[in-house]
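So, here come the structures, one by one.
After this come two complexes, each holding subunit A, first together with subunit B and then together with subunit C.
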Partner chain A sequence: MRRALPWAIGGLLVIAAGAVTAVTPDDESLVGPIVQRGSFGDTVESRTLIATASEATFADEVAVPSSDWSAEGNWLVVTVVAAAPTTEVDAAIPLATLVVGDRVFQASERPSASLIATPLRVGIDTVGMLAFELPPDVDSGTAELRLTTSYFTTELDDLVAIPFSLDDLPRTPSAELIDSELVDP
Partner chain B sequence: MSKTGDHDGTAPKIAVRAVMSRWMRSVAEVPRWIWIAAVALIALVLIVVAIGGFAQAQTNPTELGADEEARASVYAVTVLDAEFTDEVESEYLEAEPGEKLLVMTMRMENLSDAPIGVGTNADRTKAGLVNTDDPLIDLAGVTATDTVSIWRADGSAGQVILQPGVPSEVMLAWTVPDDAFADGIVSLDIHEVEIRRGAVILSSNVVTWRAIETFARISVTPREAP
Partner chain C sequence: MSWWREQRAALIALVIAAVAVVAATVWLDVVPSIRPTDRVIEADSSVDIAGQTLSLGPSEWGEFAAPEGSRTLSVRLTSTGGFDASVCGQATLTETDSSRTWVSSRSGLDVSYDEGESSCTIESEPYRILLVFLVPDDADGPFRLDIEGSDADVARFVIEP
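Presenting the complex of A and B:
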């Protein structure tokens, strides 16, 4: 009995250590974003952003008529309506990403007309477009649009996430990107 | 009052002397051939160290030319065109006296799962293709005198970001001394990548691409601008 006791205590300690390891939150849980998820077409509100993804379409080419620029490729153009909830200080979307499977795409910097970095207003919606340049094989499945008001994916702050299906999206030969503009209240 | 023990510390001294003497005897009893073998082994190790035997293995980089792709684990680069010039009007670049611009057109592809910037960071990924202390794409034998300018030739806006799996044509301009590349041949060292995650203080989500060995060297002969 006396010989078995240390073994029993040792075994219990090993099990306890395993349990502590199992329940310890991973790094993502500790510092990751607080995801505010909503459906496509619905308004999603976070601490620093109110946003609605209203339209999405694939395009074989995007063009900005105002700057006489165009680029061919497999583009996904998403129209977003956004506003600032409480303050207009630093109210903008500097980073928008599209997560498809394991891959993350950033809203393209190439078109001069984009919702990226457009100042947002409190109480007045701004409508703008985000163009994602994708590889040819990305045209189906599920994607998630992620919007943040910081230059990096937020940590310990709200992140707007809007999942949607790519399967039924229309495809157009050319999509014109227009400058972001305020929407009449 | 004590009548035993040593009061002036002679006993410990004697004990130490005895131990030392025992050690010396043990050492002296080691066969001579073992000493010779040990000395020979140490000499061999020193020679191997001196000739770099313990240095990280470096394979000879693959020699490539224009239109040939250098493909690393997470990015690929092909030099399509190269030119020496004094100015790039569209980018407001002008070489100072005693300098010239080496402008290269490259096809670049990001083979990773997240966007990367060519000359900047993208989200929390620091790719460091150029404009870092240890760039992944580096001029061989010549040090640029200024930061590398990066743009797309089609008039696209913004800093150049490479999306995963989307090849892009990118222009890069190095400012180099006028007398650089006397033989007219420019070589670029292309490095393999070691991916490191986490940065002290900043964030555990920071991803840094660190240049390791040169796996390819692209040599081209730039033309002179008219």
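Presenting the complex of A and C:
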């Protein structure tokens, strides 16, 4: 009995160590974002951003009438209504990405009219457009719009994620991008 | 008791190691992460900040056209200017009840620059400052107006429009 006890305790300790290792979160989840996911058309609220993706359309060309600029390509134009929940200090969307499968596309900075980096207001909605310049083969499947108020990939902070299907989106020959503007609350 | 006496050297080493671990963590991790906090100067009507004296003037609702559902709150201040005057940081308006914070901004509003500077500036002569906040209709105040000075100073006024 006295000889068996240390072996039993040793075995229990090994099992306990294995259990602790198994339940320890991986590095990704230790520093990863806290995803606030919502449906297309619904309002999603995170710590620093309230956002609604209201419209999405493919376009063979996007144009900014105010700056006489246009560019052809496989564009996805998403209209987003956004506001800041509590403070206007540093309230903006400097980084918007579209995740399709394992590929991540960043909202284009080519058009001058874009919601990117537009100052957001508290209690007053701002509507603006995000234009993603995609490869020709990206026109179907599921995509996820990700919005953050940080310039960098979000770590240990809220990330607004809005999944939607690309299959049923309309396609227009040319889409006009308008400057971001305030809308009635 | 004899076991404690036998292990005395090991126990002392363990205590020293534990103290060293705590000290190293505090020195290398905790101390560098402590940020100096701003020094808030509560002001009734005037305050010395950024090398000049700011005096709070009248505040007014709806002086400028705003989108439906919102209105402007304009806050006027006067500055003495001065040879040591420097620019200020951001001016923010915080509703004391809800802690919602707005930033002074003239973008999208028809505000003439003849009305006054948008923040305190480098000026030796007295001049006027006009801060304009665009707030939703449901924000009634009272508010806290914070103006960041050149160092870690923040001037704080109470606004009850």
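Here is the rule we use: the second predicted complex is superposed on the first by the 163 of 185 C-alpha atoms of A that agree within 3 Å, B and C clash if a C-alpha of one lies under 4 Å from a C-alpha of the other, contacts with A are read in each partner's own complex, and residues count from 1 in each chain.
The rule we apply is simple: a contact is a pair of C-beta atoms (placed from the backbone, for glycine too) under 8 Å apart; a residue touches a chain by one contact, two chains touch by 3 or more.
What you see is a predicted model; the values in this text were computed from it and never measured.
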Side-by-side fit of subunit B and subunit C on subunit A, or clash: fit
Partner chain(s) touched by A:W7 [first = subunit B, second = subunit C, both, neither]: neither
Which partner, subunit B or subunit C, touches more subunit A residues: B
Contacts of A:V104 with subunit B and subunit C, given as first, second, both or neither: first
Partner chain in contact with A:E88 - subunit B first, subunit C second, else both or neither: second
Which superposed partner A:D27 touches (first subunit B, second subunit C, both, neither): first
Geometry of the superposed three-chain model: angle at subunit A (Cα centres of subunit B and subunit C, steps of 10 degrees): 90
Subunit B versus subunit C as contact partner of A:R121, first or second or both or neither: second
Touched partner set for A:L134, first subunit B, second subunit C, both or neither: first
Where subunit B and subunit C come nearest after superposition, their Cα distance in Å: 12
Common ground on subunit A, meaning residues reached by subunit C in one complex and by subunit B in the other: none
Residues of subunit B defined as touching subunit A within the complex: 113-115, 122-124, 152, 154-161, 163-166, 203-205
Complex contacts: residues of subunit A adjacent to subunit C: 86-89, 119, 121-124, 181-185
Subunit A residues within the subunit B interface of the complex: 27, 31, 67-69, 71, 73, 95, 97, 102-106, 108-112, 132-135, 137-138, 152-153, 155
Complex contacts: residues of subunit C adjacent to subunit A: 67-70, 90, 92, 99-103, 105, 107-108, 134-139
